[in-house]
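Common to both upcoming complexes is chain A, partnered first by chain B, then by chain C.
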Partner chain A sequence: MAAQRLLDLDGVRERLDNEDELVAELARHFIERAPGQLAAVEAAVERADAKALEFAAHSFKSTLAIFGAFPAVAIAQALEDLGHAGKVDGAAVKFTDLATLARQLEREIVSTILEQMR
Partner chain B sequence: MKTDSYTVTLDDDPIVSAIVERFVGLPTLAFSSGQALLKRAPSLAHPFGIFVDIHLGISESGLDLVPALRELWPQSPVIVVTASRVEETIAKALAAGAHDFVRKPLSRAEVNARLRVRRAELLARAARDELIVGDLRFDRVKRQIERVGQQCGVVRYLSTTAASLLLCLASAPGSVVSKDELRAKIWGRISVSENAVRKKIFEVRVALRDVSEAVAIETVYGGGVRLTILNEPKEEE
Partner chain C sequence: MTEAVKQLALRLKAKLDEVQDRDLSLEAKLLLTEARTIAAEITATLGGAPAVLAGQPARKRSVLIVDDDEDVQRTLTYLLPKRGAFEVFTLSDPTQAIALIKARRPDIVLMDLMMPQMTGFELLQRLKADPETSSVKVLIGSSRSYDKDRVAVLESGAHDFIAKPYNVPELVLRLNHILG
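== the complex of A and B ==
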């Protein structure tokens, strides 16, 4: 089975009516916001704070969803669900996967959107 | 900001406001907390629409604000924004009083379609529920009267019977309605004294006087009563 794409750029452009300026604005927003959101998820996992994990994962999921980053969205959703159930078991492993994907996503957004706009 | 010239967003992610502004093509007034929005809202005109995120923080839900927003701006659709795929979340949003919902990631076509359809429905409903007579707006559902164009002006609430009486007269302003006709239309087969009818007319008359400068109940001796609108030509009897 083919691996899911890191981000769905065609889908993003379609939802935004191919408005390049808005796509770039969202890309800049992602680059600014994602590290802080990821750090909030990490902090919640380290503190074993399920409630904070639910909220932080949900917030990050919203940002990831803007780019149709489905593999990362799925992990963020799993972390949110864990937090919602009041649990943090296995959250550290999921967080590591999420952080890896988020870094790849950041690089891809820079190379496929922001550098193209220059 | 003027009525309908802007939208309101309530979301802790500032990008949502930017996206909505671009999609709808109207300026957006962005709030990140419910408290800030509720504090400011009474001084604002009706927005074209309101977009409310469900998850505003660890302990704040946008859904808690929906009833208050509907009360403040009855003609502005409240659209809930959610990243959740869970149907239960949508059900909760609609149960809280949201007119519709959109899922993140937002799509221009979906945002505009849902916003405009819900808005058209609200305006159509308001037109059905409202009766405008002279400078008076009468909301038949809320049984409320107020002066047209005065958003924070005097408002009077009528009893069920008083509202029926006003509706009866306002349905045909200028036409004389006899007291027997009023009795039949408002009380039906219930026997009502002359004094009770007079008291009810007086109750409506006082309410009208409080809110309107142009609409009044006039007694036509030997005939009954009619609703008159000042500065409007009367039909010849």
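== the complex of A and C ==
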């Protein structure tokens, strides 16, 4: 089975009705805000705060979903589900995977969207 | 004092409406839209006519977006007026929504289901329980994948449910469908 792509640019453009200027704006905003959102997830995991984990993972998932980042969205969803269930078991491992994918996605967004649209 | 501030807000709104935005950058267009919304909200807060609504042609439908996600606000503030006869104003804090809805009388409220201060589900229940807001049309958006959420909001009186991230052409169709 082929690996899912980190970024679904065609899907992003379709959802935003081919407004490339807006796609670039959201990409720039992703680069600015993703580290903070990821840090919020990490903090919730470290504090074992299930409610905070649910909200932080949900918020980051929404940002990732804009770019059709399905592998990362799936992990964020799993973290959100854990928090929703009042649990944090296994969250640290999932967070590590999420952080790795988020950094890869950042690089992909820079090379695929921001550098192309300069 | 209140009347003087209200008049200033109306003058500010009128001046902002004179700005031709076709040659502006996207960022400048977004700032201009936000400035127009703020001027209208000052007027509405002071008990004046909802300036944005009163100042627009009747065919434009007003959409209040209650969502704490800045990307959603930016995207829809920019795209909905371009893709349909919509006027958009936004709110990040759902606890202020009922007062704003009473003041501005939007044609429809598009609200997120999961917000930190108050869930969209709770806001929907409050809207439906208040005779002044019970008839407002509501479209719920969410990236949560729990089926029970969809059923619960529809049972509570929402007109429709749409998945996030929003597909703008789909959202425009749903808004037009609900608004008739």
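Assume the second predicted complex is superposed on the first by the 118 of 118 C-alpha atoms of A that agree within 3 Å, B and C clash if a C-alpha of one lies under 4 Å from a C-alpha of the other, contacts with A are read in each partner's own complex, and residues count from 1 in each chain.
Basically, contacts are C-beta pairs under 8 Å (C-beta built on N, C-alpha and C of every residue); 3 or more make two chains touch, one makes a residue touch a chain.
If you're wondering where the values come from, they're calculated on a predicted model, not measured in any experiment.
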Joint occupancy of chain A by chain B and chain C, clash or fit: clash
Chain B versus chain C as contact partner of A:F55, first or second or both or neither: both
Which superposed partner A:D89 touches (first chain B, second chain C, both, neither): neither
Partner chain in contact with A:D10 - chain B first, chain C second, else both or neither: neither
Residues of chain A that lie at the interface with chain B and also at the interface with chain C: 14-17, 19, 22, 25-26, 29, 33, 55, 58-59, 61-63, 65-66, 77
Complex contact set, residues of chain A against chain C: 14-17, 19, 21-22, 25-26, 29, 33, 55, 58-59, 61-63, 65-66, 77, 80
Complex interface listing, chain B residues touching chain A: 12-15, 18-19, 22, 55, 57-58, 83, 85, 104-108
Residue numbers on chain C that touch chain A, as the complex places them: 26-27, 69-72, 74-75, 78-79, 83, 114, 116, 143-145, 164-169
Residues of chain A that touch chain B when the two form their complex: 11-12, 14-17, 19, 22, 25-26, 29, 33, 51-52, 55, 58-59, 61-63, 65-68, 77
